[in-house]
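Have a look at these structures, which come just after this line.
First subunit A sits with subunit B, and in the next complex the same chain sits with subunit C.
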Partner chain A sequence: MSEYHLQTTEFNDEGCLVDALVDIGYDRKNIEVHEEATQLRDYVGRATHYTDKAGDKANIIIRRQHVGYSAANDLGFKRNPDGTMSAFISQYDSGSAHWGVTGDRFLKLKDAYIERKTMKTAAKQGFKFLGKKVVNGKTRLQFLDTRA
Partner chain B sequence: MAKIVTVEIEKGQVSVDLAGYSGKGCHAVQEAFSQAFGGKTLVERRKPEYNKPLKTTNKLTR
Partner chain C sequence: MSSDKVVSVVIENGTLTFLATDSADIFLEQGKTITRRASHVEPATIWLRPLFHFLRLFGNKNKIAEWTRHWPYLWRVNTRPVGGPILTWADIPSGDGLVGVPDIALWRNRQDAIDAEIKFLNEWFAR
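The block that comes next holds the complex of A and B.
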């Protein structure tokens, strides 16, 4: 069963999202970024129409053969009018061992995204990056507040 | 004097150490980082003394 469901996320920066996908192990050349949302395909390559009769379409896509496990469907992120991104995760892929929002993969992506967005925001706001440490799965970033 | 801000990220949760700040400083740092977190997962940590109960001068009398 590969019915797609749209999962809302707090991701609102496409660049940071792509960088975060790379950070968790996806090859940048296998991450498609489309200005115009593009058709998603299921585990055998059929175009899907679960959320939209005109076709399930996303702006950032990892094709099924690159998702990282067998029988995967395309993984997609669609840009919403408010700037946030919704994740297209199929029913099959929404198990916690795959791409379920409470599973390891999604949490790793969320952490990687937050890290990228924090670095970007901090630089913009005048904080100087001092260093990063990872201790027991917890990422610690330090910044020098140079605003005064 | 320049201060150090520590941001910790774990399982989609973020905390910002505001131990070096007080008053408006806390608010300014929070505001500076709120763009990154969407204001939803931010947990601030303050000076430990802020978490202690306030000393009271009232005494119960019989």
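The block that comes next holds the complex of A and C.
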């Protein structure tokens, strides 16, 4: 009898998240990483207050002019007290054609993030990477457990 | 290369899928994980199968379960829990050590059946 695990994405590694954003096409120099959460701005540059009267803030930010389509607001990821990162996406940007969580961009980011995180976890444990294969939109990674 | 030492993971639509093995357990902490049954290695003998599954209702880690694992009969691999087939010769890349009749692949050694099961499932998840 075998069992299998299904794991949903949880952004909890800042480095892997930045690498994943680069993997899906963002220029690393346009990805801001702030130790202290920083103000997000809307499509004309006004500070946003959608979720917080004091201003919406995030730790990883792609400014609106770099998001990839017109009239975008800043895209942000905020660090939570438990170490996970939450995406901060405005209502306008939540359409599936933009950055909606069920849209293509967000799914690509999740896939890129999981790949980065899995590679990192495996490397940390000393696993040997055997290869990567992409078939029908599925990415398969293979490793050899070299631990005694 | 022992099949349980090779770890395959499949990424699709923001989800990571991988077989539950000691080696693959390193990935459990990466995110929220649910565990599901993938398959059964079960007796090929038709009258033993219901008994085998009945006894397994009482758990997979007790003395009775351990006893069933050593029954001296032929074994087959049933991957229906993931929508797969009862493994046939055509599903097995290497036929070494197999016995059987046309179609259903059978193993005398249960561990060999488990190895074939792992190889098959790793391919199956990637399809």
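The rule we apply is simple: the second predicted complex is superposed on the first by the 139 of 148 C-alpha atoms of A that agree within 3 Å, B and C clash if a C-alpha of one lies under 4 Å from a C-alpha of the other, contacts with A are read in each partner's own complex, and residues count from 1 in each chain.
The definition used in the following text is that a contact is a pair of C-beta atoms (placed from the backbone, for glycine too) under 8 Å apart; a residue touches a chain by one contact, two chains touch by 3 or more.
Everything numeric here is computed off the predicted structure, so don't read it as measured data.
When the two structures are aligned on the shared chain, A:Glu3 is found in touch with subunit C, with no touch to subunit B.
Annotation for subunit A, partner touching more residues between subunit B and subunit C: C.
Of the two partner chains placed by superposition, A:Val22 touches none, neither subunit B nor subunit C. Using the contact criterion defined above for the overlaid structures, shared-chain residue A:Val33 touches neither subunit B nor subunit C, since it reaches no partner. By the touch criterion defined above, A:Ile114 lies against subunit B and subunit C together after alignment on the C-alpha atoms of chain A. In the superposition on chain A, A:Arg140 makes contact with both subunit B and subunit C. Put simply, subunit A uses residues 10, 12, 107, 110-111, 114-115, 117-118, 121-122, 125, 127, 130, 137-145, 147 to touch subunit B in one complex and subunit C in the other. Those residues of subunit A whose C-beta lies close enough to touch subunit C in the complex are 1-10, 12, 106-107, 110-111, 114-115, 117-118, 121-122, 125, 127, 130, 133, 135-145, 147. Partner subunit B is touched in their complex by these residues of subunit A: 10, 12, 107, 110-111, 114-115, 117-118, 120-122, 125, 127, 130, 137-148. Subunit C makes touch with subunit A in their complex at residues 1, 5-20, 23-24, 26-28, 30-41, 56, 60, 82, 114, 117-118, 121, 125-127. Across the complex, subunit A is touched by residues 2-12, 14, 28-29, 32-33, 35-38, 40-41 of subunit B.
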